[in-house]
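Read through the structures below before going on.
You will see two complexes here that share subunit A, one where it goes with subunit B and one where it goes with subunit C.
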Partner chain A sequence: MVNENGVLYTIEGVAAGVLMITTAYLVVSTTVMFTPGDSHIIDMQLEQLGNDVLASMDTPIRYGDPSPLELYITDNDSSGFSNHFLLYANTAAQPGFGRIKFNSTVYYRKDADVGSYHFSDSGDIMTGREHMVNVNRRVFVKDYTNPPPPGPDDRPQSVLLEVTLWRD
Partner chain B sequence: MWIEKFHYWVFHHTDDSGQLSIDFVVGLSIFMIAFIIVSTMSAGLLVGLQSKTIDYDAVAYRTGVILAEDPGEIDETVGVAYIAPDRYAWDLIYPDYYPAYHEANMMRMGLAMPRYYYDIPSQIVMSHKTEQFFDPSKYERDFYKDKIIFGDYPYNYYITITPLDGGQSKSVGDPVPQKQQTGYIKRVVMVKHPANVTLNVFDTTGLANGEMTVSFNFYNLSSRTPGFMVYPSLERSIINLTNFSTPTTITSVKACSPTCEDTQPTTPTIWIKKPNGEVWRAYQISPLGMALSVENGTLIEVDPGYLSKRYFPNLGPVDKIDVKMVFSDPTLGGEKDFSYVQEVSFNESFHQPNLTAAVLEAWVW
Partner chain C sequence: MGLIISVSIFLLAIIVNQSMLVGQTTSESVLDFPKAEIQDIRNEVFRYRSAEVDPDPIQADIETLTLYRKSALVDISNTSERLTIHYNNGVTYYHEVIQI
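On to the complex of A and B.
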């Protein structure tokens, strides 16, 4: 027996299929479209600032001197580093800019192992919910006589200073 | 019970109520398609709004890079004549000398040190460039847009530098609007200041007869690491004269490479300044036939760009320019060097100020 019932169900099935696919497309495409467009710009600004601050601190201010950054690591002077870093990072011509927090770690190689120690921070507890950016710089340390135990060997070496920074 | 009835109704009904559901499906499909198109477009609309601040941030970033990392650039020739001492030296073309070309030939105004050596730290800027850049009397508002902002869109800008050694901050541009999205970038730079030598004017040899020569030996000055080198062609050089025992006058200042010439009547040239930095008189003392009295702490300042190939074409093969001063007192004088090592027993010294940190910020909207 032939009637139009089958035709009816096929069209409904096809229509439902089209609807589902277009709905899925709509959901996926709008999700991509609505991603906050400039969060990576904020990351970029923070990363640029962090790299600039470390580069400036790693520049000797007088001919023949070690850089301030090298001295802070040599002397394990975490408060000196913190003050210097926050001064550079938080100085701004207008209020509302600045308020940067940070935490930093030094990585070094000792024989075949890579070790690390906590170096300095801004005194803030990281909750893990901050929007953080990592910057790092290889610092050449000539005279490592006072490393925190069980720190690196006493030899001229490059250590990796990693700074995690975020805005308040 | 009702299930069988339902099945029977679904599979065995023969009335035309099904036609309605086709209409419904078609209508719903058309509606959904229209809805999809509209919502897709509205999503795009929002992206368009967002991208404007993204653009501002990108422009601000570009400006920050040009200021902090780029020495700038100038079109160094007009026709076949070289007007620039150096291709990066937008700051060394003086309006007194080339009024028409000085701005027209400028391409970018960067503050960084020229990259002659691979190990010049990227964030070192030169103090005379920042002074010139932030001098409100120097350039028009729109001129900055052409040389550091770029783009067809008429961006507004505010650029400021805040020294971290307690100095006065400087800025160019319009006040930053509070109720509008702006692009922003902050860079940290180190500022390199001009070096000076303190020289003892007393003649220990007894042969100088009032003539004092200060040699700028370019080869010897290139011995330091690039970040701390003295660049006599590119920077200001300062000579601090001491040990005048009796009041005396200076009767001539000439530059010799190798023949001695009067200094230029316009900038760039050599200045004579009082110990407090006040300009006593500039250039060309001898043609005017006037002598200037000098005292302990009198400064001889050479403008950036003056001791260069542009004004002394023999520089290069010769590698040396002498600044020759003549005093009226014949017991003064001698052969001196503008060099890193000075005669400490004569109370002579070389002094290079420490690099100072500064925060450079740019807003664009």
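On to the complex of A and C.
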């Protein structure tokens, strides 16, 4: 005698299996949750690194001295800044891979206008496809002896150094 | 039995949804908070004060550049016994009075 008992048991078994697998998946996936915010952690790390590097470069070696960053801007020493910045930023010893690249601009106030000039870069061409972050530091410059023309006024002032950072 | 399992799966799904939302808002508020900006402005104010130069043009520098490049309002006022720093970027409002 053939009836549908076997078919019903099979359907019940499959349904129970699907339910168990779904539950197990939900339980396991809650422990390794990738929230939308997690994708920004890498940005935050790079931003923090850039801010820390600029802050330590803007710290005078002795009390009352100008900071190294102030001296680089005063003398318009872009290669000195580039070497110093890359030395501090690339602490992991992995030559050629995952290195940090940057491009920087100085903004200054001249009367009511804001002017800018290109300060320093790591020698890499920006393609616009990099995932970059922007950090900045206000630098107090006491003697602007060698400003690039048409540059800022020759007076004690505060300029804004903006650095765009990216990793390849 | 099936009903209990369905309800529990439904509850688990709600919890998963909530955790997505919590992660989003928490990381947004962390990202939005201009920690480095405020530290930078404070540091700069102390720097030019210790350099003993005329503070007015330097305060104008900081205020103009921050408004122009960072879209934030800064107002620094400087008297002989106190120093106040206002910072407002539309999301975060920061106000500090430093007694000297």
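The working rule: the second predicted complex is superposed on the first by the 124 of 168 C-alpha atoms of A that agree within 3 Å, B and C clash if a C-alpha of one lies under 4 Å from a C-alpha of the other, contacts with A are read in each partner's own complex, and residues count from 1 in each chain.
The rule is short, and it goes like this: a residue touches a chain if its C-beta (ideal position, glycine included) is under 8 Å from a C-beta of that chain, and two chains touch if they have at least 3 such contacts.
Small disclaimer: the values here were computed from a predicted structure and weren't measured.
Of the two partner chains placed around the shared chain by superposition, neither subunit B nor subunit C is touched by A:H131.
Contacts of A:Y107 after superposition on the shared chain: subunit C is touched, whereas subunit B is not.
Using the contact criterion defined above for the overlaid structures, shared-chain residue A:T22 touches subunit B and also reaches subunit C.
Residue contacts after overlaying the shared chain place A:R99 against neither subunit B nor subunit C.
By the touch criterion defined above, A:H118 lies against neither subunit B nor subunit C after alignment on the C-alpha atoms of chain A. Looking at the shared chain after the overlay, A:L49 reaches subunit B, while subunit C stays out of its contact range. Contacts of A:Y88 after superposition on the shared chain: subunit B is touched, whereas subunit C is not.
Using the contact criterion defined above for the overlaid structures, shared-chain residue A:I61 touches subunit B, although it does not reach subunit C.
Once both structures are placed on chain A, subunit A residues 15, 19, 22-23, 26, 29-30, 33, 36-38, 41, 44, 55 are touched by subunit B and, in the other complex, by subunit C.
Within the complex, the subunit A residues that touch subunit B are 3-5, 8, 11-12, 15, 18-19, 22-23, 25-26, 29-30, 33-34, 36-38, 41, 44-45, 48-49, 52-53, 55-56, 59-63, 87-89, 91-94, 97. For subunit B in complex with subunit A, the residues that touch the partner chain are 11, 14, 18, 21-22, 25-26, 28-29, 32-33, 36, 39-40, 43-44, 46-47, 50-51, 53-54, 57-58, 61, 64, 68, 121-124, 160, 162, 164, 169, 171, 176, 184-190, 224-225, 227-228, 352, 354-357, 359, 361.
Of all residues in subunit A, only 15, 19, 22-23, 26-27, 29-30, 33, 35-38, 40-41, 43-44, 47, 51, 55, 58, 107-109, 112, 114, 135-138, 140, 142, 155-160, 162 touch subunit C in the complex they form. Contact residues of subunit C toward subunit A in the complex are 2, 5, 8-9, 12-13, 15-16, 19-20, 22-24, 26-28, 30-31, 36, 39-41, 43-44, 47-48, 51, 53-54, 57-58, 60-62, 64-66, 68-70.
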